[in-house]
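All remarks here apply to the structure that follows.
Chain lettering (A, B and C) follows the sequence in which the chains are written, and residue indices restart at 1 in each chain.
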Amino acid sequence: MAGVKVLEYADLISGPYCTKLLSNLGAEVIKVEQPKAGDYSRSVGPFPNDVPDPEKSGLFLYLNANKLGITLNTKTETGLALFKELAKSVDILVENHPPQEMEDAGLDYPSLRQINHRLIMTSITPFGQNGPYRDYKAYDINIQAAGGLAYVTGDAKREPLLTPWGQAGYQAALNAAIGTLSALYWREASGLGQHVDISVQECIASILGDVISFYSYMGMVKPRCTTLSDLSGVTIWPMDIYECKDGYVDICILEPHQWQSFVDLIGNPGWASDPKFEDRRLLFERTEGQEVPDLGPLIKEILKKYTVDELFHGGQQRRIPITPVNDAQGVLHFPQLKERGFFVEIDHPEAGRLTYPGAPFKLSETPWSLERPAPLLGQHNKEIFSNRLRYPKMELVKMAEAGII
Amino acid sequence: MARLPLQGIRVADFTWAWAGPYATMLLGLMGAEVIKIESTKRPDHSRMRSLAAGPTFGGPNQAPIFNDLNLNKMSITLDMTRPKAVELAKRVVRISDVVAENFRPGVMDKLGLGYEVLKEVKPDIIMLSSSAVGGTGPNRHYVGYAPTFAALGGMAHLTGYPDSAPIPMMGSSDLRSAATSAFAILAALYHRAQTGEGQHIDLSSTETIAVLVGEAFLEYTMNGRIPTREGNRDRIMAPHNVYPCQEENSWVSIAVATEEEWQALCHTMGDPAWVKDEKFSDAYRRWQNQEELDRLIGEWTINYSPTEVMEKLQKVGVAAVPSFSGLELFQDPHLKERGFAKEVQHPAIGKRLVVNAPWKFSATPAEVSRYGPLLGEHNQYVFGELLGLPQDEIQRLVAEGVIN
Amino acid sequence: MAETALAGLKVLEYAQFVSGPYCTKLLADLGAEVIKIEPPGRGDEARRREPFLNDVPHPERSGLFFYLNTNKLGITLNLNTATGKKMFKELVKETDVLVEDNQPRVMKEMGLDYESLKDINPRLIMTSITPFGQTGPYRDYKAYHLNTYHGSGLAKILSYVLPDEVKRPLKGPGFIGDYDAGLNAAIATMAALYSRLFTGMGQHIDISKQESLIALERVEIGMYGNEGDSMMSTVMLSGMVGGLQPCKDGHVVLCLPMEHQWEALIKLMGNPDWAQDERFKDELDRAQHAKELNENIAQWTMERTKDEIYHQAQALSCPIGAVTTVADLVASEQLEARGFFVEADHPEMGRVKFPAAPYRYSKTPWRIERPAPLLGEHNEEIFCHRLGYQKEDLVRMRAAGTI
């Protein structure tokens, strides 16, 4: 995406991760932050040595590497004027502000289209740009709840569970990136920009798998279940996370030959040859009230004798879908990821050299790239305002003192 | 009676003019016993002159300026050209905690009262030597007064309007030097209380002025720029100026720092159409267009007195204060309630209003308690009671002109 | 390392911009331990003010902030939170002095006024610096430097004294009035500390910036109180010999109150004939003909540079001073010999050159031990090592906006 210019006017995850994806493909991203406080994620951490520092938040550094950073106070007339000057000169604007706020500031799509008809404006909000909940406030936990994900996550005997670490934001960002790129593609032919309206709730609702069809086909509300094996909680085939000697593995056996290989992997225990465990599929068609033998306790006990590596590699060699349940350390040291160069190291002027997740995909002709670290607050004010928009240095001093930048 | 902060401290005060005496007077206001060592042959020149030219009153004991700068003190007179007088001065030092002088560097040494000598007399003595440019360096013999301190200290260059010449200001430069001296002495007294150690303090009046505009130096050493005069303006606040009021030559100062204050000001002015102009729509633009802004605000203030503007604007949280004249200070209700001025009864001049001490201590109140002493008024007390000289010796010394 | 004058003295600063910080800087520079409290995120107002290093605005690169906060430890604390208040009180318990510049009403509402704090620490000396003091009808009035300066009378008086040059009342340069208040507060604070050596008790010191400034022109203002308005005009207008004179490359200032100094001036100017004129015979005559006199002097000064005039005059003990710029001072031999400018390293600003102090102590010299603190630089040291909080607590407090 070399040559594409993106303006980011967003906080936390949904906007910033979207533009991060674009920047890693070569787009130039200018990130607008409010003066003094900056992006809210700067205060979230984690911080090296647990010493909070707005230039060293792990979350901020990860989401905003590769971008240019400026400060602008969009509550001032001058700040708005500068913002519009920039909006005039970019291809894409990604923002995640409340629609009413954008309207009041004269930064809604109809207004911005006047000054740049080629602008692709991607707006990410909890409930979208219209509808009765348009102006409602919602954080990640609210959206996961409203989107139906929380309901089906967790233990049936307990309350709905949040998928941690801001997943709603990431889903929204991914969808926003898709929408933005499509709009960019269309612009090639038409020469026109457009408004891409992303509702985070909808993004969540769209990844619920069979939860929606369960209801629309069968009128059933799918409950929470931690295992995928059976609605009643009985283990028919192992499709669950199991504790083993030195950690956890995730086993997902769906076919008979996998079951056979699995039995072989665990040393052909006596109970495995019992015919009642043989054809698992038949058990799905059992009649109401028929007793179903439960493999669960048996498997749980036997797996405790094996290490994660034994099960993982042993299982995979037999073409059984078994994987370790990796914690962060496990992921960082995972040989497969290392080989593929998934992690990258970047030097940051304040935080030093840190390891970050890299590209989630590999392009053969235009490789993913991460060249510069996340910006310090206002780091590129001079570059953007002085060098590009031609404001003299002393004007920037006055603007800063007046709270504009 | 409440204790005074510096009760028990005694100062041997050799200072003269403005910068020296006010330093020791500050200590005196806080309860130190300040013995001013003078000479009828060469009286402190603030006893001899008005602010400008020539005497406008009748003699060394009728000088309002001297009175203002030497309140609470005692005065003894010695002819310092006489060895016996120098001995007596040393004896005063022996019973003192602090010595203060602002002669040209070298003079105290020549008199036989340099620090090394006085340290022999009283090992833990704290001595402050204040001079125009300091007691060391190639220019240490240079002389000066308040206006030259301001000039040499860089302050004059920074004072005035962008289109006017530098302004050297007035006596306040002397009193700034004096305040700095008082602080330096107090820090030394604290150190002595902890360790028993006295020391010598060498203070440059010019430097005391320079440190009060410290950031101007940073502008030069960091960015190579020489700052100059800015009138009543601020580097970023606008409005920030004085505005003309109803009566001739009456002014009110108004300063706005935040958006809320600006809104409150606009509202108080009746939200005239011009405040909605794009030119004034944020802090940065107001600063850029402040000339026009000032003119427009002036068109509002001209309808009121400074006090009326202050009351209207303070009510809504906007900083507005009249530019008071000296006389208006004495008529102001706030200052009246604060008791900023006090009346002293001077034996020769009569009742004088003087500015009171500029601090309010809750437990050890400090204030003006007596008039500036007549020449030699306390000879009897100091030589007789404090030094214990017998009466006939004192008489002899007077006759000889040692005590003059 | 040489000992310091105020070693062992503990000071807590809850103030911003100039006055409070300058007061505690004076103490810190002489060895007191000063802990400066700043609001989280924003920091001290002064951080937002120029001059900025290389004219790039940055809260860790303000020259104003640097100069006013040398030698201090810096922490962040939000006293508008219950936890913040609690931690503040823990700090108050351990300190000798608290210097603050908040509105009296606000301190009371927060339960942090002197009456409340003295119960926690009876030895506490609390120095409060406000525009108009802790009492009186203007107590709650808002005033910036411009306002307190004009409210002190100093600005208007200047316009009376120099009616031609100063057509409307004029404030002093920079933030000098705020510096004056800080210095005044330092004097009172030290005196209270001295007194406490004997009484063992603390007290509240009420500093009004307006009164601090009035004190600096006590003589002039005293005249108004006693002689009224007219006196000033006649007395002042009768003029002093010289005053400001233009020269080839700037200006000089003459101040010659004594007769022998006038004679030195004549000698300096090479005994010009006009100096013997009847009109300039004695002090009173010279005052009455000040205008012509000054014109004559100006003709002489215009042909020379300010440095020439300054040094030649001083060689004759004639009190003339050059009007210097900051550049002149940084280059001054005298100041170099005095060690007036020092350099220190700052993590963000690099090497900074700045004025030290105008006094030289023979036993306890001024010194720079550390530069101005980064925002929250000593949070861990103060909150964890001294008050006993855990590092994880700090992370949470930070996220909650307490620090």
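The rule is simple: contacts are C-beta pairs under 8 Å (C-beta built on N, C-alpha and C of every residue); 3 or more make two chains touch, one makes a residue touch a chain.
These numbers come from a predicted model, not from an experiment.
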Response to the item:
More Cb-Cb contact pairs, comparing A-B against A-C, go to A-C
Worksheet item: Which chain has the mean of its C-alpha atoms lying nearest to the mean of all protein C-alpha atoms shown?
Response: C
Practice prompt. Average the CA atoms of each chain to get its centre, and name the chain whose centre is farthest from that of chain A.
Written response: B
Item to complete: For chain B and chain C, let me know how many angstrom lie between their CA-based centres, rounded off.
Response: 12
Discussion item. Can you compute the centre-to-centre distance for chain A and chain B, using the mean CA position of each chain? Integer Å is fine.
Written reply: 66
Worksheet item: What is the distance in Å between the mean C-alpha positions of chain A and chain C?
Response: 54
Worksheet, complete the sentence: Residues of chain B that touch two or more other chains sit at 235-236
Worksheet, complete the sentence: Touching two or more other chains in chain C are residues 49-50, 52, 55
Response to the item:
Residues in chain A with touches to at least two other chains are numbered 401, 403
Worksheet, complete the sentence: Per the touch rule, the chain A residues reaching chain C in their complex are 36-37, 43-45, 47, 49-52, 378, 381-382, 393-394, 396-397, 400-401, 403, 405
Fill in: chain B to chain A touching residues, read off their complex
235-236, 278, 281-285, 287-288
Practice prompt. Would you pull the chain C residues touching chain A in the complex into a rising list?
Written response: 41-42, 48-50, 52, 55-59, 379-380, 391-392, 394-395, 398-399
Response to the item:
In the complex, the residues of chain A that touch chain B are 76-79, 398-399, 401-404
